[in-house]
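Single-structure report; data block below.
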Amino acid sequence: MTRNLCVIALAALTLAGVAAASTAGTPGVTSTTITLGSSGPLTGEAAAAAGVLRGADGYFKYVNARGGVNGRKIDFKYLDDGYDPSRTVQNVRELIQQDNVFALFSVVGTNGNLAIRDFANASGVPTVFSAAGATTLGRDYVKYPWTIGYLPPYGEEGELYGKHILATNGKKAKVAVLYQSDDYGKDVLAGFRRGLGAKARTLIVQTVGYDPTASDVQSQVAQLKASGANTFCIFAFGKFAIQAFQYANKLGWKPQIYVNDVASASSIMQLGPRSTAEGSISIAWGKDPATPQFKSDPGVLLAAKIIKKYIPGGNPSDGFLAAGMAEGFSMVDALKAAGKNLTRKSLMNAVTHMNEANNPFLVPGVKVHTTPTFRFPISSVQLQRWHNGHWVLFGGVQSAKP
Amino acid sequence: MIVAAFSDFMQQVVSGLASGGIYALLALALVIIHRSTGVINFAQGEMATLSAFVCWTLVDHGWAFWPAFAATLALSFAGGVTLQAVVIRPIQAGPLLGIVILTIGLLIAFNGLDTWIWGGAAKQFQGPFSTAPIRVGGVAFSKQDLGVIAVALVAVVLMWLLFSKTRLGLGLRAAAVNPVESRLVGIRVAAMLALGWGLAAMLGAVAGVMAAPSLFLEPNMMQTVLLYAFAAAVLGGMDSPIGAVVGGLLLGVLLNLVGTYVHWIGGELRLATALAVILGVLLIRPSGLFGRAALRRA
Amino acid sequence: MRVKLSAFALGALVLVVLPFVLTDFRTVQLATVGAYFIAILGLDVLTGHSGQISLGHGAFMAVGAYTTAILMANHGVRDLWTIPIAAGVAGVIGLLAGVPALRLSGLYLALATFGIAVVLPTILKKFDHFTGGSTGITLFGKPTQTGHGVGVWGLTNNQWLYALTWTVGGVVFLIAWWLLDSRFGRSLRAIRDSELAAVASGVNRAKYKVLAFGVSAAFAGVAGALLAINVAYVAPDTFPIQLSLYLLVGAVVGFFGSIWGAVFGALLIQFLPDIVGLIPHVDTKQAGPTTLFFGLVLVVLMLVLPIVLRAASKLANRSYFGAQ
């Protein structure tokens, strides 16, 4: 029994020693490294979205190879949560309590971000540039001062679609909506209704939700077509968006389609039948590498270079990788502005005073702009139309301010 | 208006038959194993997914579809036989709980294997039948849909022929019902059991390959389909191949109609409806539509 | 009550010393292990001792977890008091489930419980005004959270969670031991080994099987409540079918009955990803290898178990501490 106790004590002392060997001063910052943490769906239904984490990681490696930020290299740790927000909570707890990260960056998904907000804020750990567009992430900063989003708010995206319908087909539009039955889909739908204003009740003829655990949505699409709608809003994700296009095509339904940003990556759109997808409308804020007008764009070429060198197996036309690099660029900007004497407070100060107009991965005209009382880093977008197998941006840069 | 409503109704029925065809094929595999070895194989769906991945890999390496499919069937058959011989046979005579847990272990292991080798992102799978829509009287379907239903019907006919018209089928049935006496009359029981698993694995492969074009190939592809297949098999009777296919087609249509016309259920409670079918049948009429009531042996 | 006193005392001593000697984060990981331990004890009672296969034990955990969460968030009930309530609610639901379960024989019961576990997340999402839907319910920092996420009595929050979980775990274990050593346990094991013989000897089969369901569900409810308190968050996807299957793995590894087995099984569930990560060339950022190894553990165990059991056949009929 004494021997057992000795073994336990020895093991424990080792563990304690390892734990203590980290930083004194600001957690996650040493003279040579900055440790950032994140959590995302590396596996599961939403696995494609984890591309933003790989994209940001690639960009950080590129910056590290050029000397890093103020002499420090970025160490980016990200864990898998399979899109289950309670795993996000556990990952974040591990990142904060065991890995002592300086800040959380680009945590993926609305539900995950909402789940960790209280804990991260109570621990005084910044959660910056989350890969989620829930309006509340930017709106509720008084209660959650350490949290800030990045993506254009989903509600405002929906609002833009609603306004576009009013402007182009306000009298004769009959709208059917397929939406993912979770906070993400409902956020877009709510914004969409706001955009239609008083006409929401008359113009929307049918809405159908689906659970992401469903195997397919053919029945739902058939139901929506049966409503007689001439406009079809797809507020869905990944394979369900593709299926929506395919089934609309199969049923001989040719409505004007609005598809949400998250499902609008060219790689996904190209899987849908040409004739149905033709004319679909979405928003653009990041440069999709497959969009012809950006083919020789320096930002897109840089992204391709980074993918080739630092992201093995990465597909240069993957919009999620590009979005991740845009976030990475803004993060590096903020870290630089936070200064050599890097603290969590100085980081939050930097992210609430952003004025970035030169992000090579964002659509020209889309700026990253924040103030302490306006915490929506990206609040302007452009509309784009799918034509002949690729996106064409039109209109000007519009405000998506909530 | 009535015509439109009718064609909408028929559309749901036709789409339901198409998705039901996939449930029917997997249910058939489940029934074959249960009928020939008395086991419920929880890993059936994951085995089907693995077969679909194998087929995809062959096509990805330049094989044409039909040769790839044939090779996949052969490999799946061999895989099923090997699995039974190596992993199931040692504990076949032991407690039921052990076999159930083992098939669950296989479920978990195959899922992990698929994710490890092919990754978690969904892949496009080009099936043998065209997905171009055909429209008749306001109802749309594709050759793919017809193909799935046809394949399910052909499969069940072949199974029925095998079991009731051939000596081999007789041997399979005898080995399942009474292994001891079967051995006495010269039936190689061990081979029969392995054959049952091989057949089921082949049917699972067909299910996976038929499902992949519309469900998109990824490691979790068959997870919800497994539950629907269970519901179909229970509905039809766990020992009846015909029941499995009828149950599958019926279930597909039922789920669509209930989902469309009962708004509270909508698109979100499809799985729950399937569970209700399972519980309802098991509690009210456990032998299902076509099964025979089983004797409980102490 | 012949107790291996020295083993029990050593265990208790290790439990008390550990949190002061390990890092804070490891401590809270061990708290999670404690919750799994309690759930596995429940599965021991149901499947190990009464022979009713349940592939859906995670569902009872979810019941307990949501009871705790809703009471804490919406009704101002302190987290500690929610634990017995969660046990009660889950236990009652277990009793109710146990009645139709009587009509289902082994395989079909496994099938039905499998289906329930698969479907539960969708049902939780559907009744969102009650459960908070897919957003879940956050408990962190709420006034009903003892310690407010910061700590209690000079302990850090993680140490407090550890102490809470293992104290409850100890209590649950004693209850389980008492139950299984008593007539209840003997009746269960009689039914498991031969229903006909048990009924012939006058054992009220229905009563004991239903009670077993209720008791094991109550244990799982406690485990779920503790998990909710631990993570301070519940969501429909917190209790997927995988959790129910992993609990089964843990119970099987523990050979359905020994306390050390249940602890070992719980440790396995929590730390297998880390163990798998030690194997060279395996990247645990992907879930593939970990899942594969979980499955293989189960398969190998089931192949090896009969051999082990045959060598120790008498053990299967004994209760925890050797009483006959």
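The letters A, B and C name the chains in turn, as written, and every chain counts its residues from 1.
Please note the rule applied: contacts are C-beta pairs under 8 Å (C-beta built on N, C-alpha and C of every residue); 3 or more make two chains touch, one makes a residue touch a chain.
Keep in mind that what you see is a predicted model, and the values were worked out from it rather than measured.
Colleague: As a test of whether you follow the contact definition, which chain pair has the most C-beta contact pairs?
Modeller: B-C
Colleague: Average the CA atoms of each chain to get its centre, and name the chain whose centre is farthest from that of subunit C.
Modeller: That would be chain A.
Colleague: How big is the gap, in whole Å, between where the Cα atoms of subunit B centre and where those of subunit C centre?
Modeller: 32
Colleague: Centroid of subunit A to centroid of subunit C, CA atoms only: how many Å?
Modeller: Distance between chain centres, rounded to whole Å: 36 Å.
Colleague: Which residues of subunit A are in contact with two or more other chains?
Modeller: Where subunit A meets two or more other chains at a single residue, that happens at 42-43, 181, 211, 213.
Colleague: Which subunit B residues touch at least two other chains?
Modeller: 115, 119-120, 224, 268, 271
Colleague: In subunit C, which residues are in touch with two or more of the other chains?
Modeller: Counting only residues that touch two or more other chains, subunit C contributes 122, 125, 286-288.
Colleague: Within the complex, which stretch of subunit C touches subunit B?
Modeller: 47, 51, 53, 55, 100, 103-108, 110-112, 114-116, 118-119, 122-123, 125-126, 194-196, 242, 245, 248-249, 252, 286-299, 301-303, 305-306
Colleague: In their shared complex, at which residues does subunit A touch subunit C?
Modeller: 1, 4, 8-9, 12-13, 15-16, 18-19, 42-43, 78-80, 82-86, 89-90, 93-94, 97-98, 111, 114-115, 117-119, 122, 181-183, 211, 213
Colleague: Where on subunit A is subunit B touching in the complex?
Modeller: 42-45, 47-48, 181, 208-211, 213-220, 222-223, 226, 238-239, 242-243, 246, 249-252, 271
Colleague: Using the touch definition from the top, list the residues of subunit C that touch subunit A in their complex.
Modeller: My answer: residues 6, 10, 14, 17-18, 21-26, 28, 121-122, 125, 133-136, 138, 140-141, 149-150, 158, 231-235, 237-238, 240, 285-288.
Colleague: For the complex, which residues does subunit B have touching subunit A?
Modeller: Residues of subunit B touching subunit A: 4-5, 8, 11-12, 15-16, 18-19, 115, 119-122, 124, 131, 133, 135, 140-142, 214-216, 220-221, 224-225, 228, 255-256, 259-260, 266-268, 270-271.
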